[in-house]
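Which chain is which? They are A, B, C and D, in the order written, and residues in each are numbered from 1.
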Amino acid sequence: MFNYSTSLGSTVLPNPIVTASGCAGSGKELSQFFPLTELGAIVTKSIMLKPRSGRATPRMAETPSGMLNSIGLQGPGIDSFLENDIPWLQSQSARIIVSIAGESVEDYASLARRVRNIPNVVGIEVNISCPNVENRGMVFSCQPDTARAAIENVRRNIGGEVPIFAKLSPDVTDIVAIAREVVNAGADGLALINTVLGMVIDVNTMRPKLAQKTGGLSGPAIRPIAVRAIYQVRAALPKIPIIGMGGVASGKDALELVLAGASAISVGTATFGNPTAVMKIKQELESLLTERGFDNFVDAVGFAHRMESL
Amino acid sequence: MFNYSTSLGSTVLPNPIVTASGCAGSGKELSQFFPLTELGAIVTKSIMLKPRSGRATPRMAETPSGMLNSIGLQGPGIDSFLENDIPWLQSQSARIIVSIAGESVEDYASLARRVRNIPNVVGIEVNISCPNVENRGMVFSCQPDTARAAIENVRRNIGGEVPIFAKLSPDVTDIVAIAREVVNAGADGLALINTVLGMVIDVNTMRPKLAQKTGGLSGPAIRPIAVRAIYQVRAALPKIPIIGMGGVASGKDALELVLAGASAISVGTATFGNPTAVMKIKQELESLLTERGFDNFVDAVGFAHRMESL
Amino acid sequence: MSAINSRAVQCSAQVVSNKKVGAYHHIILSVDSIAAAARPGNFVAIAVGGASSSLVLRRAFAIYRAADKGSAGGVIELVVAPHGEGSKWLTARQVHETVDLVGPLGTSFGIPTEPVRCILVGGGYGSAPLFGLAEILKARGCRVDMVLGASSAGKIYAPLDGKRSVSSMTITTDDGSAGMHGRVSEALSQIIEENGSELIYSCGPMAMLEAIQEIADKYNLVHQASVEESMACGIGVCMTCVVPLRGSDGVIRMSRTCIDGPVMDGANVIWNSRGSIPEGTWGA
Amino acid sequence: MSAINSRAVQCSAQVVSNKKVGAYHHIILSVDSIAAAARPGNFVAIAVGGASSSLVLRRAFAIYRAADKGSAGGVIELVVAPHGEGSKWLTARQVHETVDLVGPLGTSFGIPTEPVRCILVGGGYGSAPLFGLAEILKARGCRVDMVLGASSAGKIYAPLDGKRSVSSMTITTDDGSAGMHGRVSEALSQIIEENGSELIYSCGPMAMLEAIQEIADKYNLVHQASVEESMACGIGVCMTCVVPLRGSDGVIRMSRTCIDGPVMDGANVIWNSRGSIPEGTWGA
């Protein structure tokens, strides 16, 4: 019997396939296609302190093997989230990883205090790939000091209850340096990668296609960047669990990220193309691993590094 | 009559479509499919001081809408290049942009001295997206100081004869900062973007597919990253000419980069999929521009920024 | 707030027929249970491009007609304009090929319980969902006046048998190549005044819907508009397809046209808001 | 150094026939002038996946046979294993569809001017280019012994009429499901000793070619090997397809198998060098 369970720090999940933040609605929309308990966990869309209407439209542009989005973290704010979304997910017996996002270092602290000790919440993903309004809109995770400050503030407010994962942007010169910084600041694990900054110009209007001009690139196009980032970080910090994501649309894709070092796989854009993508990926990954003789999922994590350890 | 000519600093080209460095062989291979004079210019593959056998194989992996390569700047070295490749290109009346690459700051200076005042050479592209052996293999263009040093050394050895273009890597936190640095160091223009660092893991061997592990991602997958980088740099440095590249495979793609701010378009990976891609792109771009009422190519350069200037 | 269409399922739909009609392709797909579940105004989301496609997002198409064939499953019909890469791929499918389809999705047109005088306004392929609607309205004893507009004659989709269920049919084209020269909105006031219309149903480009809303406001008519925003998922998980919509509580929210729509109360949509967030939007 | 095939042109090739034969597809394409220009050992590079393909690189296929039909153009034939996404797409093409093709590319097998005793060794679809070669050799009065190997019977490509031009045909399979149980290299020594073979031609996986080279060395035979490295462009511009090859000047260079190959002098190839650059390579 294949043992599909995985560990993310102190959390054990029955399988490693989870949704990607911002790509699974409130959970309800997907639960129409499969029970949420089939997932390792559902990762909620990044919640902020206050309600947010997000960016103006157009918010989306398709690109070769990918897409750009500038949703801008539209969401109901933490109060409504805790009052409506979380109880519904609990009613479904879903395992929940809550993603939080702030506009200031203090936001992260406040959010962390609100998401402590919630039944079914098995992890906190700290999305620090968002603009810091206190620092000219610079993205937190793009600077070691702000990345550190955001994570420290979460750590201080969350004890050892659930593991916290810092979600990093790939748009940096040295992702390993940022990863070290947030781990030193108290992150139990990492979520790699957020979208890559991109732009599409509409050749008819001859202006940027998104109202916000730039957006985040996701989908299979960025998978090689994700695999590289995960591999580099795993090589530098082999003990730190990684939630891997970026262009996973099949079991084969998921296997690439697992071999590179991911202990769990988030699926985002693929769900837009196929509502049951996560279920397909879960089945295919299990087949691929058993075909390759693995009895335990965890033995495959980081297996592509085995050369180095000889 | 549509005026297709473009200016790159002091150089005027009859049209803006050029090859991408490392993607057109020595020129001979393509000249079988069309006369090289049809190109705005041919950009030669980055030449180094000494002959170089490049990286071990496998050097290539296809990815969704893109590819990874780790050719490793295989080439004959500057002596043989000047003795064989350049005279042949001159015999074809090709306009030549010579790309140079070094392993140390001093290399760039030596190379610059060798490529001064060569007939038909209309520009020098300085590939600083390569590892600096004197600094733990850090890529020159990923650090402001080494980027600056490399360009200063070229500038000092090339007077005003031909414009020099600094070719930058997109793998940085702030490409505008690097662009400013190299322009201050004396670059007449910029070439944006080089490949994005990526990795593919072979799910059968369960190891990185490339012998070198990581490689450079190119092709349509990275086009949104190229458009964003060109747009950002154009917004910050509107007077500096940009040779744009990254995933251009059609006239529509080229137009996106032109509207973002590119004065010339390099075509790389598309040539692998179609030996006559550059000719197709040249024709399609001309049609698209005339359909949109442009009489002069140069009027379309950076046109997507017109909002800002109101 | 959101109204997930709980009947939606994913299926492998076989192409039963694919015929070029004017500027469009009329495509019939066998879809099992989806046909029985479909209501006028619902749409389907189809994966395009085949096995090694670079197109990662589904494409949305309104259900033109649906026929439940009992245990033999059922078929739905689409009217597709070969517009970009995805729709060109779809219109090139041959009989017996299959496509991956999710549906029925979204809200449907509300059907009045009493016989009322309705106008159905369609722009381009936007006429597609109106014919099924017309049949139902007719069966309820409603007067149905239909107005179809397009840029030119070839882009009017109006099958002969579709005229069965309508009391009148007005065609407008921007270039005058068929019917009245002008836009549907220009024809509308006259029809409303002549027939004392009480309710407008519409489907077409946003600019058309906005113009219709102005007329609906003027005559104080209810306007059910099928709104077409660019969609990435069609099932409510991506938040790309939003329009500002005033809720029953008076609050404006960026609402998903794939779940809270495509059929929305035109009076509640904040029209012409592309590129900015209207003031007063919840959270903005 | 490099030998650009100056006959290469790009064309839109129409599928004339596409039939499944064992594990392969036998595909006939009409290609105008390419047929007349093709020599045994040459290959073609085909764009795969269609209009919205995510596959950006061409796929290389050896020319199995070529028939020049004079002013009516000509056809070439391919033997394709539906292996990955690209070859599966190609083998799914229907008659009358067209594919974008460049060819003929690469070097061809050298033909001896005198009648000599030759062995032709093919692995899997590697047998494809050998049949055309066999005909030419036979016409020159050469003795032609053919050895074809594969993992199992279905993967041997050996058309009945292909046997016309050979003096003997030996089949080997790794699983013993057809012919001799074992690898082609194991059968080789016996044939060489029985027939006094002078020259080996080979086409197949790198490991097979390497094993053949060892035998060629042992018996001191010339070995023309068609080398199959992973190619991105097929026309010499990308430098991805290289193998270390000792030149006539004794210097080892990373040489392009698409231009200096695919047919190379086996004695000059530095085999088993994947993953590293052999010592002494020029520039390394």
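Convention: contacts are C-beta pairs under 8 Å (C-beta built on N, C-alpha and C of every residue); 3 or more make two chains touch, one makes a residue touch a chain.
Computed from a prediction, not measured in an experiment: that's the story for all the values here.
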Joint neighbours of chain B and chain A, given as chain labels: C, D
Selected pair, greater C-beta contact count between A-D and B-D: B-D
Label of the chain whose CA centroid is most distant from the centroid of chain B: C
Distance from the mean Cα position of chain D to that of chain C, given in whole angstrom: 55
Euclidean distance of C-alpha centroids - chain A vs chain C, Å: 35
Chain centre separation (chain A, chain D; CA means) in Å: 46
For chain B, residues contacting two or more additional chains: 64-66, 219-220
Sequence positions of chain D contacting 2 or more other chains: 54-55
Chain contact graph, described as a line, ring, star, complete graph or other shape: complete
Chain C contact footprint on chain B (complex, rising order): 64-65, 220
Residue ranges of chain C in contact with chain D within the complex: 48-55, 85-86, 88-89
In the complex, chain D residues that touch chain A: 54
Interfacial residue positions of chain C with respect to chain A in the complex: 2, 4, 6, 8, 10, 47, 54-58, 100, 102, 229-230, 232-233, 235-240, 242-243, 253-254, 259, 273-277, 281-284
Sites on chain B touched by chain D in the complex: 22-25, 28-30, 32-33, 50-60, 62, 64-67, 69, 71, 74-77, 211, 219-220, 249, 269-276
